[in-house]
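Paired with subunit B in one complex and with subunit C in the other, subunit A is shared by the two complexes that follow.
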Partner chain A sequence: MSRKHEKGMSLIVKTITRFTVGLILLYGIYILSHGHISPGGGFAGGVIVALSFIHLMLAYGKETALKKLPKNVASFFESSGAILFLGIALLGFTGGYFFLNFLSKGQPFRLFSAGIIPLCNIAISFKVGAGLFTIFVALVLLTFEIGKKK
Partner chain B sequence: MELYILLGFMILGAIIAIEIKDLLSSVVAVGAVGLGLSIMFLILKAPDVAITQLVVEILALIILVRATLKKDLPFSASGRWFFNTIITICFVALFLIVGMKCFKDLPGFGYPIMRISSVYLKDGLSQTGAANTVASVILDYRAYDTLGEATVLFTAVIGVLAIVRRIGRKKQGKTIGEDDE
Partner chain C sequence: MMHDPTNIIPFFVIIPLAGAFIISIVGKRLKWLPDVMGILATLGLLSISILSVRFVNLYGTLVYTVGGWKPPIGIAMVMDGLTAFFVVTINLVAFCVALFSINYMERFTSKWKFYALFLLMLGGMNGVVVTGDVFNLFVFLEIAAVASYALVAFGTEKHELEAAFKYAVMSSVGSLFILLAIAILYSYTSTLNMADMANVLIKKGEPSNIMLMVSVFFIMGFGLKSALVPFHAWLPDAHPSAPAPISAMLSGVLIKSLGIYALCRMFYNVIGVSDVTTSVFLFLGALSMIVGGILAIGQWDFKRLLAYSSISQIGYIVLGIALGTPLGILAGLFHLFNHSVFKSLLFLNSGALEYSTGTRDLKQMGGLFKKMPITGSTNMIASMSIAGIPPLSGFWSKLLIIIALVQAGRFGYAVWAVIISVLTLAMYLKVLRYGFFGQLKEKLNKVREVPIFMKLSMIALACICIIGGMLLVYGFGRFFLNPAADVMFEGTKYAAVTMAAVQ
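Moving on, here comes the complex of A and B:
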């Protein structure tokens, strides 16, 4: 379907994408940063962030999206998210045990509250977003050329 | 009442997804089932699960559409339909019987056993400071589960990248490369 235009889809799709992709990214960041006071959380926010990059990739083709988020940067974010999550968990040993909520709880219903929970949300969203984007790139760009043998 | 309508809609969508021949239509039917499940979670007042279900469904749908379109996937329609049908019916009957025996011991729908949950609901806000009780459960009380889930996802990404990588895969006349699109 996209052979004719060489890169991505038609002009209408590209224009709409230019308007919406930033909003989708912002909504993902909102979901993940407010995970401790409203529904959502690190997993859903990370998936929405990954979906914004996938949206860009579907509309504009592989090069534009991979210029915004190259593969090695995505893999760096995924690994750093895992390390960050484990590091937060290990920092709990300063107060006693694994996954101790060692920061101050703060005032409920504020953005900076609930101790380590927002930090864990951010770490998980890094991991999930970069990981799912990497899976998408790997699965979609792969072509099996077995059928051409016939 | 809405739940039963949605349940019928989802069962219909699942049957269509299995029976239809076109791959793209089958993927769209699977997406309809997932959206119905998301609305069902929303009716049952579980917005966290509904959001996660919705976004993961969309992601899986995009991957399935892009992976099934334009690809010459092998379609197996073996001739052993009689044997396969017998095996399927036997296993479905087995699962139904075991499921009926198991569900008899579960608490009724809408009447859960509030042994640990009541503690979470009562002390969650004061102990963790998180207004969202689900976040306080998954990232504070049960953070080990989240760590395991993160490990599962990490392993899945590593597995996918190890299986579909290009290096060392040009064997047996099968060429696998990246699409120049």
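Moving on, here comes the complex of A and C:
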């Protein structure tokens, strides 16, 4: 491999990545936003969203990916996803119960239906997506530090 | 609806989780927040757990329907005597530990991560105790366990990482057995709600081979979590490696809420005990008691000695509870409470010694009583209590266990309990002799007493050690201890009681 491509993988991989990474991100958002009416949901959608960033990191090297989604921002998203989920659950107390589905359920099989479930899915996807990405970053940075010590 | 007493039940999970996530967002920037949040959250939990004891006495078993879905289908949170007893124990120790950590954790770089993980672990433990759903029990158990792996490795030294890895692998194996048992149980009974599951199992009648397999898996899984002897190998590494407040939490309450509580709840209230499980528990309890005691006495690392001693004391607790007689269960639970108090106090003492002298090796200490009077005297109270010296709490619970063993005609076990009690006294005299009395070492001349919050938390726990025997007095026992023992003694009647409590 020539020195020009030292950061990340070869030109072919980079080009394909440029075409596909946006589609992967969109597909993740699709999965998480349709979690209440089709298979999938917050967890699966969050994983796919995280995969799009991991894909970027694999193809272009960690600098590019960390510029798009810095570590601090990712860990902020992770914690705020959890807070959001807990907040939605706590809002159920307005109707008397923890985790009560207090919003209108709407018409079944519509995108805007099922009350708090889509909101919960979004919160979960924040938590899972950012969490998976930070785990990957942690693994990458850790190997890097051990390599430096040698 | 707002004045419904059941409304406090979900807060046992909400408060620690909210605290943990808020700390993880803003704890890095606001340096004062983690301490304040840790204290406030644990204080809040302690007060609502004391409130819950009162509610259980006033209204009987309380059931909370999460999301308004009725229990056999929806998720239930159940607050009965046993749960109230455990939440008080857990949150009492957690509050003292949070107080201790304010000063102790200054030595570590990222204090906010510690508090976030600590509250997460606390949330998991409270969840295990409060839930009335078998799968939720597994989820909360994993929350507490995963947070504790990270906390054991908190110092990130080589031996700490090794201990955490060993703990993570062994504990995950235990969790897998639990998950497998829950899956089999679900396919056999078609329900996950504990009360409903108990009902279905009663209707099925005679125990089948499937239930035998489930029982074996549960004994392996929960036995591993509570470090009963054949499954104890992770504990002597993991507990000493964690920072002292976490060792206090792990030995004090984690092995009890994840191990003993879950074991009791599943076997006494859901599956139902038979003669075979009783004799297995008695044997495992006695084995842990003997092996832990014998291994502990040879240790020179203070925290490692305490860790082995935990195994031994868990043996006492299981021995008492497994008897199944009212007195045996009462004595076992009483010893469980006492052990959480004095073992966490001993671990906090070891942390205070490490904070001041920088070592945990008993051979390098000596004569510290004059230099650290508060640590020394609280350590003496805790040591005498765990060894069973009369006016202190440990004496009464051990006495009750031995009386219960004699009453049930298990003389062999009773003799062993007495012998190991003497051995316990010997090992703690060793700690006192080498740590606090004797000649002061030259290089320890500059040692100073620990800061104020560490003192406060140790004094608070020592006071509970002294007055712990009062729990046996009729008034206290009737509100706190007896309802817990009754829940276990009633056995599978739990199902009917819980189902009746659903509004």
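Rule of thumb we're sticking to: the second predicted complex is superposed on the first by the 139 of 150 C-alpha atoms of A that agree within 3 Å, B and C clash if a C-alpha of one lies under 4 Å from a C-alpha of the other, contacts with A are read in each partner's own complex, and residues count from 1 in each chain.
Heads up, the rule we're going with is that a residue touches a chain if its C-beta (ideal position, glycine included) is under 8 Å from a C-beta of that chain, and two chains touch if they have at least 3 such contacts.
The shown structure was predicted, so the numbers you read here are calculated from the model rather than taken from an experiment.
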item	value
Partner chain(s) touched by A:I29 [first = subunit B, second = subunit C, both, neither]	neither
Broader residue contact with subunit A after superposition on the shared chain, subunit B or subunit C	B
Touching partner for A:G41 - first (subunit B), second (subunit C), both, neither	first
First (subunit B), second (subunit C), both or neither touched by A:N101	both
Subunit B versus subunit C as contact partner of A:V13, first or second or both or neither	neither
Partner chain(s) touched by A:T134 [first = subunit B, second = subunit C, both, neither]	first
Touching partner for A:L86 - first (subunit B), second (subunit C), both, neither	both
Touching partner for A:F76 - first (subunit B), second (subunit C), both, neither	second
Touching both subunit C and subunit B, counted on subunit A across the two superposed complexes	78, 82, 86, 89, 98-99, 101
List of subunit A residues in touch with subunit C within their complex	75-76, 78-80, 82-83, 86, 89-90, 92, 95-101
Footprint of subunit A on subunit B - complex, ascending	47-48, 50-52, 55-56, 58-59, 62-63, 66-67, 69-72, 125, 128-132, 134-136, 138-140, 143-144, 146-147, 150, 153-154, 156-157, 160-161, 164, 173-179, 181
Residue ranges of subunit C touching subunit A (in the complex, touch as defined)	1-2, 10, 14, 17-18, 21-22, 24-25, 64-68
Of subunit A, residues touching subunit B in the complex	1-3, 31, 35-44, 47-48, 50-51, 54, 58, 61-62, 78, 82, 85-86, 89, 98-99, 101, 105-109, 113-117, 120-121, 124, 127-128, 131-132, 134-136, 138-149
